[in-house]
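Presented sequentially are two complexes of subunit A, the first with subunit B as partner and the second with subunit C.
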Partner chain A sequence: MAGDTLTVKGYIQHHLTNLTYGKLPAGYERVDYETGEQIVLTEDTWTFAHGGEEAAAMGFNAVHVDSLAWSFGLGLVFCWLFRRVAVKASSGVPAGMVNFFEIIVEFVDQNVKDIFHGRNPLVAPMALTVFVWVFLMNLMDLVPVDVVPELMLLLGVPYQKIVPSTDPNITLGMAVGVFFLMLYYNIKVKGFGFVKELTLTPFKHPVFIPLNLFMEVVGFLAKPFSLGLRLFGNMYAGEMIFILIAALFSGGIGWMLAAGLMQIGWAIFHILVITLQAFIFMVLTIVYLSQAHEDH
Partner chain B sequence: MNINLTLIGQMIFFALFVMFCMRFVWPPIINAMKARAEKIADGLEAADRASKDLELAKEKAVSQLHEAKEQAASIIDAANKRANQIVDEAKDQAREEGERLKAAAQAEIEQEMNRAKEQLRGQVAALAIAGAEKVLEASIDENAHKELVEKLAAGL
Partner chain C sequence: MELIFVAAAIMMGLGGLGAAIGVGLLGGKLIEGSARQPELAPRLQGTFFLAAGLVDAIPIIGVGIAMYLIFVVAA
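What follows is the complex of A and B.
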């Protein structure tokens, strides 16, 4: 927070706090941000949280404004970039950036063809969206950690996390979306077969139905969670290391030089990580939907 | 690290962007790429076909040339034969003509000879008659003895 004395702990915490807008319950005691007075809320109040404690007190009725705004903005960037290519695309000789985007499209299309053997016009566009969108969200990790938050502080915005994929809400939101699609297609394609799959595998005997059901449901539910948490974990850890290295800048000229080199090294390595994580998220999405379409 | 409404918001954005991509991004790009791939395949096929056609045309040209040469050779052959024939015919004609000329000349010669003989005979008769006239002078009747002398002359 702007008013705090800058400690390493405070610095890190500040970088890990989302700009949260949510409902504080009636009776909540908070410090008024401008006057510094202790006030007790008389009724439920929708407001921006000042710090992690208030954000936690808001519970489920809160929105990470920064995550959602960056996520939406990057989604728009994706749509704009590819829509431009879609408008320009023709069967003639492709030129310039069209080539680059067509390579991405072809790459995604090839992956979908390799993994997904059913006929579903949704899967390939979704894979492309997931791949590019997640990549763009991860890419924000390469923006030096202090630039945007400090700019936002100057504009009076207390918190700003610019990497949406370091927010579990974002990654799990996408994973849950994929999960609903898995449920939908499992039921649509297999019908009663889906129930059979949940109850009669791996042990094909009525006696084992409860055991099978338990194992299969756990396995089924684990898919979206592993999908979302894998991306979140990787990006959160990467972001954390950037922040920790950035914290070293306070340790004098020697540390500054070392930290600068480390930032560059980690950033270069991170180019691989962000691409790989976007790719993994896409491939798993295709795999899960492919499993939903495969009737045994 | 709170799970909150952000998750729902992200799900909505996710659905929106996927639908946008599905409707406005993916189909035009992938269709253009497919159309291009087809175009290129067609072009390659056409090139293949053209080179095959070229080869066929070359073969045809070679065979036609060969045929033409054969034809020319046969025409020359026929012309040569005809020329020989014409020469032979001309020779035959010349020979015949020569013979005919020779025969005609011979006939003329014979005729001439006969005429000369006749003339000679007449002259001899006249001479004989003149001689006899001289010998016999007027004692001889020219008309009475003319027949006799002519008989004599014919016996020459």
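What follows is the complex of A and C.
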């Protein structure tokens, strides 16, 4: 923040705050950002939050603008890139970009063939979307932590978190999407068999119905939850470590060299992590949908 | 307040210990499996990376939370 002295704690918290747009309730006291005066809101106001407290006061009526913008933007980048390559593809020998994208498509296709045994033409394209989209969102983690937030600060935007997958709203949102697909296909493929699966496994006796139901429902709900939290936790921890190393740059010339080396080392290791997490998200999505298609 | 550091240390230490044992077993079994059936090695490797990623998540999350505790909550 301009004017305030920069502390390590403030620096880290600034980097971990989303740009939030939401409704402040009437009667809320806030500091006017342009004039610096204390004002009391006379009516409900839709505005950008300056700081975590205001974002907390907004409660449910708030959206993280930066996460939404970056994730939708990256989704568009994915669609545009793949379309551009797809119209160029021919039955001849592929070259350059086409070659690279064919490797990705074939890799995803092979994985779907290995894991998914049902019949559904939508699963492979969805797996490709999930894989590339999550990968692109994770890739934003490799952009140096200060570049975009500082540029945005110059433009007058107070906060900017550029890695959408470090926002639990995005990862859990995707997981909930997978969850609804699971529900839909479970009911569509199994019909009444889905109820049987929830109530009569693992103990096949009417006495055990409540116990079975409890265990199966908990297991069913835990799937999307762990799916979203795994991606979030990995990316959040990685981002946290990037920020902490960046905070070392304030420690003098010796620390700067050490921090630079650590930053490079962690970034190289992180290339593995982001690919692996995107891969795991894709594989688990396919596995869950495959389970939904298994009709006995 | 000092207990936060102990908590963070336990979090990182036990998480790392468990994951290290897990990945160790996993790698050992991968080598064993591919020595028995070398033609399956590429497929086993794919599954290995998947499982290693699943195991890897827990200590990394632990390290992230521990770092947050040390440098933000305790600072």
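Brief remarks follow.
Assume the second predicted complex is superposed on the first by the 295 of 296 C-alpha atoms of A that agree within 3 Å, B and C clash if a C-alpha of one lies under 4 Å from a C-alpha of the other, contacts with A are read in each partner's own complex, and residues count from 1 in each chain.
To be clear about the criterion, contacts are C-beta pairs under 8 Å (C-beta built on N, C-alpha and C of every residue); 3 or more make two chains touch, one makes a residue touch a chain.
On a predicted model such as this, the values are computed, not experimentally measured, just so you know.
Legend: residue contacts after superposition of the two complexes on their common chain; A:M262 is shown touching neither subunit B nor subunit C. When subunit A is checked against subunit B and against subunit C, the one touching more of its residues turns out to be B.
In the superposition on chain A, no contact is made by A:L153 with either subunit B or subunit C.
Shared-chain residue A:C79: touches subunit B; no touch with subunit C. Residue contacts after overlaying the shared chain place A:P168 against subunit B, while subunit C stays out of touching range. By the touch criterion stated above, A:N61 is placed in contact with subunit B alone, subunit C being left untouched. On subunit A, the surface touched by subunit B in one complex and the surface touched by subunit C in the other have no residue in common. Chain contact summary for the complex, subunit B toward subunit A: residues 1-11, 13-18, 20-22, 24-26, 28-33, 35-36, 38-39.
Remark: subunit A residues 20, 22, 55-56, 58-64, 67-68, 71-72, 75, 78-79, 82-83, 85-87, 89-92, 94, 101-102, 105-106, 109, 121-122, 124-126, 128-129, 133, 164, 167-170, 172-174, 176-177 touch subunit B in the complex.
By the touch rule above, subunit C contacts subunit A in their complex via residues 43, 46, 49-50, 52-54, 56-57, 60-61, 63-65, 67-68, 71-72, 75. Those residues of subunit A whose C-beta lies close enough to touch subunit C in the complex are 8-9, 12-13, 111, 114, 230, 233-234, 236-238, 240-241, 244, 247, 273, 276-277, 279-280, 283.
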